[in-house]
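Below are two complexes that have subunit A in common, paired first with subunit B and then with subunit C.
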Partner chain A sequence: MSDIDNSSRPLVEVRDLRKYFEATHGLLRKVVGTVKAVDGVSFSIQQGETLALVGESGCGKTTTGRCLIRAVDPSAGSIRYSFDNADPIDIATVDKHQLRELRRSIRLMFQDPYSSLNPRMTVFQIISEPLLINKLVQNQSEARDRVQSLLQMVHLNPNKMDRYPHAFSGGQRQRIAIARALAPKPRFLIADEPVSALDVSVQAQVLNLLKDLQHELRGLTYLFVAHNLSVVKYQSDRVAIMYVGKIVELTVTEELFLTPKHPYTEALISAAPDPEPRAVRRKKRIVLAGEVANPADPPSGCYFHPRCRYAKDVCRTTEPPLRDIGTAQQPHQVACHFAEELTLRGIE
Partner chain B sequence: MATETADDVLSVHDLKSYFFSREGTLRAIDGLSFNLKAGKVLGIAGESGCGKSVTAQSILRILPRHGKTVSGQVLLTRDGKVTDLLALGEESSEIRRIRGKEIAMIFQEPMTSFSPVHTIGDQIIETIRLHRGLSKAQARASAIEILESVGMPHPSRTIDEYPFNLSGGMRQRAMIAMALSCNPRVLIADEPTTAVDVTIQAQVLELIRQMQAQLGMAVIMITHDLGVIAELADHVLIMYLGRGVEFGSVEQIFHNPKHPYTRGLLASIPKLQKGHTLVEPIKGAVPNPYDAPAGCPFHPRCPQFMQGTCEVTMPQVVEVEPGHWVACHLYGGEDQR
Partner chain C sequence: MSLQTTLRKINDFPADLIQRRRDKRRKRLIDEKGKQLLVASQWQLIRWKFARHKLAMASLFLLGIMYLAAIFAEFVSPYDPRSFREQYAMAPPQRIRFFDPHEGRFHLRPFVYSITRQLDPDTWQVTFEEDRTEKQFIRFFVRGSQYRLMNIPFLEGNLRLFGVEEGIISLLGNDTRGRDLFSRIVHGSRISLTVGLLGIAISFFVGVLIGGLSGYFGGLLDVIIQRVIEAIKAIPTIPLWMALSVALPIHWPLTRVYFFIVLILSIIGWTGVARVVRGKFLSLRTEDFVTAAELDGASTGRLIFRYMLPSFYSYVIARLTLEVPAMILGETALSFLGLGLQAPAISWGVMLKDAQHIRVLANAPWMLLPGLFVFIAILAFNFVGDGLRDAADPYSNI
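And then the complex of A and B:
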């Protein structure tokens, strides 16, 4: 596991983050509704930690990640970020000048390395661009030196820095994307599905690289946005499960997988196909009925109740708050009325 | 791979399908053999470019225009009668009777495989009338029944919906309904759950399993996801660069893998079991199929590469234990068990 610094205040502290999109209709773009993509999300991330945001499509995990770097402007809430141990700033309200500085410290990396790298730029240009824009290098030769060491860091041959992305495989391209992200020496990397576009045999190359880099560059912090639970279990220290714009469960990885407390988490774990023929045939799979609720028209009460096999009357009327049912050493946040009473099944 | 038995519904022999383009010849499938037993599920797994989708297209004779099956046999057994699909014309009336009726297919993205300008009902009814010769009213009743059996909510209403009005999971159900509408002997499912979320994936897999048991059809499940294979398949074929590298029962493949590629694949995926904390990637990447390596196509990435053998000759397919076949020089000698 990584070197997590629990002593001081968190690197990132998100409080009641909301992002509402307006749904419009027709030529005059009349507002017909509000899509609550992110609806009151709170979490914090310690320096050196990997927090995973997990959920199905449309749950708001990507939008949350984008709010953290202000790629989209949040509708409400605060995102306190501790810049170089100075007093935290609120990312949700910083001005343009600060934002530029911030984006040196917080970096975003994308799912598909076939579309995220400009095909008309060489690898050198791709990786050195953030260095030159931020004036982190004085001249070209210094830039080449930096790119060379960055390529070595991601285990790519530096002699190939004048080639174009098409000359590289998917896994290599994703390593180029990592080198670019890490070029301005950030402290916080938001990785949005970084391996889901890769072949299975090379996914592990990228996962292990991200882990090794966290170890090498002490204090590098990840927000890992993903849908694949096996990958999340392998990669993260803590996991937040999202459903229709809200966090429904958040705790340390092992606890979440061994003793899930939210029925949605239990169903997700049960639904994940595991490459283990005997194990999967032994367990009786929980197949959730229906589909993820529409965030423009969510159900009453607990958003999960129409699909929940444990739902009772109170679930239909009252929304459960996210509350801590863990211990002081091991907080375990869950938003379910019956979290204490239910005995849910995790991994074996 | 695999010995022929009387209960084979489909058997593929030395299939070769090539694509011809300006860059050269792409040997998408280069000598593939396997058998599908009646009522069983065969999982075909491999990474991008291994030829798993082209295998399905070759069986149904629906390769894209610049692709051609250059040799081999695809034998379909129906009530004791054997037909070589490769001997039929691509546009012949006989292959048209087989497509959809005897061998049906479901695709990864139902949005692109349904016609967007017809209702799903019209498309299912068309299939039923073509193959089963029912009247329009009978076909409609039958379509509603099938939609109901695949768990479509309000089938008598959804039958008149257009594909774009349905969610991804519902479209996949409609696709399955269409494939099953003529009670096929063989269902080919090409990455049927890759485009849907994990809880919907569980629904779709459960549905395929139920329908398979109920209708007793044989299924070819093509996927890159070994988890899906472990869950559904009775037998597994692992492909790499247009060739079958290993074939066996699901237990043999997952608990006693022989080919270094199969072992590498299994070691490279994180697992959900307790205490599983190490994954080991396969070095390198899948080579460009236009420029496939000589000898064993896996040799540049193989941790057990043997100089002087692997890069020179193509390994023979060897039966290492009953029903378990491997194409690897490690098992190639005479004194193998």
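And then the complex of A and C:
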């Protein structure tokens, strides 16, 4: 967290990113509905920073992450990415050749280490694949050396590189996935729920490893997609909260947890399990009524109003814009009509 | 410590030591096996799992013998499958004996009694009588009639696996013209057993290609291919086969007819494979490890051949094994109806066609024996297919 470079322009700058999925029907592929998975999201990430993207399932956080590496093509908006402080390029419109280069600099880590590693390939083959495809190594022995040092970096025994993934546990597999992601020496890592599929006991291991690697490889930048606020608390510099395809609150982690300004953030914080059971007894958990809004048919006004306990008439009719209510040093973006009036409960 | 316990300890010592050593050895064996498992490739895992399926292993062994016999048919069969011996027409299967009740003696070398043809002067009924005084010992690796192995010019010979010096040996009886049924069944297996293999090879190739196109590219192409497959599947099999085989010109040489029969049989077969392959491609496309490879920069070809195909090769092969019986039955059915291969050719279906007449069935029921071989071959393929299917996904329970 100490390596954040605030002086220059951001590494990634996302402007008004949109991804609409169209549901088609029948032989002629008639469009019968549009799902606005990501609906006008803007944020920027500094070099060396960790930004967390948090929200319930289906809120568009994974799609946002995948748009940044063009695993999914965005419908609209721009993603400006600066290669080594060169002029930024727009990821949303780059050609195939640039995309290949880009994907060496930006890497994606998957949620489930059981499905993200090919069971038919050995660990060596899996990790060396991005090196060999992109011709980053000259021959097999150089590849073996690289894989060896990568495995050491993620605290795995390099002697086991000829084993198949089925010989490893979930936590070990996720570390193999980290090694694969870091193989082409990327500057930006999109971690899509990197610990959600793991046992709680090994989650901390993987999280700490990711944190240590950020220090070791100076300037490594993370976009950390998660649905669990407690995972994010110690990991990220800033947190963006998403709800039904939009960012509803974005600020520095500490500020978000201490003084949340959006009712949805308040509910998420209260839902996060607390390591101190006594504290849990003291505070009341806010249980949200109803379901997450359907992104194919969102409610009018503020998308959160049907579940919000502070909702007033204006929330039903007018959509609140995302606005900055913080200071110059500490911006605090929030999309709520009553952000200033409400006193919401964070963590004590 | 009391003296007693000390003594007991000393007494127990060797047994304890042996036990401990045994445990150690067992642990080492398990460790070795475990280590092998950790670095075992997919095919090794499949082999190990298949080997545990006893029935499938036995069936595979049986099929191995049948295919070996088909390859070396001229050597395995005692007679030329086309040589007539009118005096032995419709001779029944002979019993192989070791014990001669006439002499009251046991012989280590198996023998058969000589048979002679008898004609009932009133009814003109032909019967064969065993001459219990005349034994014919079965000799192995005897010189018989001249043959060319698989019709290859320089592989001439006359060595046969077994035979008798005088008279005849007919293990499974003779047909209406006195041709040895055993020799004919062995020769017939060449066509009957290879039709299935060749058929699934074609099905596999066409199915993977078209199913792969359909599943990988999707969209309109997928819709069109799927509707075509549905249309083909809707045509009743036997009439389609009949119509197509009737269209084959009668003057064609045997081998060409054979290949076209195989083609006709696989016209339906590929559709099932294509469906499976399409489904696998569709599900694999969204699989994380394929996306990861795509993001690594892997080309389309690399994605398909290194990531997607190896994930379901084994499954498709298992499925195809289960389709071999349908092909064997198809050939048998067509030939039986007289629409497939014709008389000079020898296949199990052609032989069964000879057994169509009621007079033949009444007097020489052993002419139905090719049917038994069809039955055995199909069961064996089914068991092997079952075993392969269970072993096809070695990651299912690891």
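Here, the second predicted complex is superposed on the first by the 341 of 348 C-alpha atoms of A that agree within 3 Å, B and C clash if a C-alpha of one lies under 4 Å from a C-alpha of the other, contacts with A are read in each partner's own complex, and residues count from 1 in each chain.
FYI, a residue touches a chain if its C-beta (ideal position, glycine included) is under 8 Å from a C-beta of that chain, and two chains touch if they have at least 3 such contacts.
All of these numbers come straight from a predicted model, not from anything done at the bench.
Partners subunit B and subunit C, once the complexes are superposed on subunit A, both fit on it without clashing.
Judged by the number of subunit A residues each one touches, B leads among subunit B and subunit C. Once the two complexes are overlaid on the shared chain, A:His215 sits clear of subunit B and of subunit C alike. When the two complexes are overlaid on their common chain A, residue A:Val200 makes contact with subunit B while staying clear of subunit C. Centres of mass aside, this uses C-alpha centres: at subunit A, the angle toward subunit B and subunit C in the superposed model is 70 degrees, to the nearest 10.
Of the two partner chains placed by superposition, A:Lys185 touches none, neither subunit B nor subunit C.
Applying the stated contact rule after C-alpha superposition, one finds that A:Arg323 touches neither subunit B nor subunit C.
After overlaying the two complexes on the shared chain, residue contacts for A:Arg163 are found with subunit C alone; subunit B is out of touch.
When the two complexes are overlaid on their common chain A, residue A:Arg309 makes contact with neither subunit B nor subunit C.
Touch criterion met: A:Val292 reaches subunit B, while subunit C stays clear of it. Closest contact between subunit B and subunit C, by C-alpha atoms in the overlaid model: 9 Å.
Partner subunit A is touched in their complex by these residues of subunit B: 47-48, 167, 169-170, 197-203, 205-206, 224-231, 250-251, 254-255, 264-266, 268-274, 276-277, 279-282, 285-286.
Within the complex, the subunit A residues that touch subunit B are 56-57, 169-172, 199-205, 207-208, 227, 229-231, 233-235, 257-258, 267-281, 285-288, 291-292, 307, 347-348. Of all the residues in subunit C, the ones that touch subunit A in their complex are 37-42, 223, 287-289, 291-298, 302, 307, 310-311, 395, 398.
Those residues of subunit A lying in contact with subunit C across their complex are 27, 69, 71, 100, 103-104, 107-108, 110-112, 115-120, 122, 129-130, 133-134, 160, 162-164, 166-167, 180.
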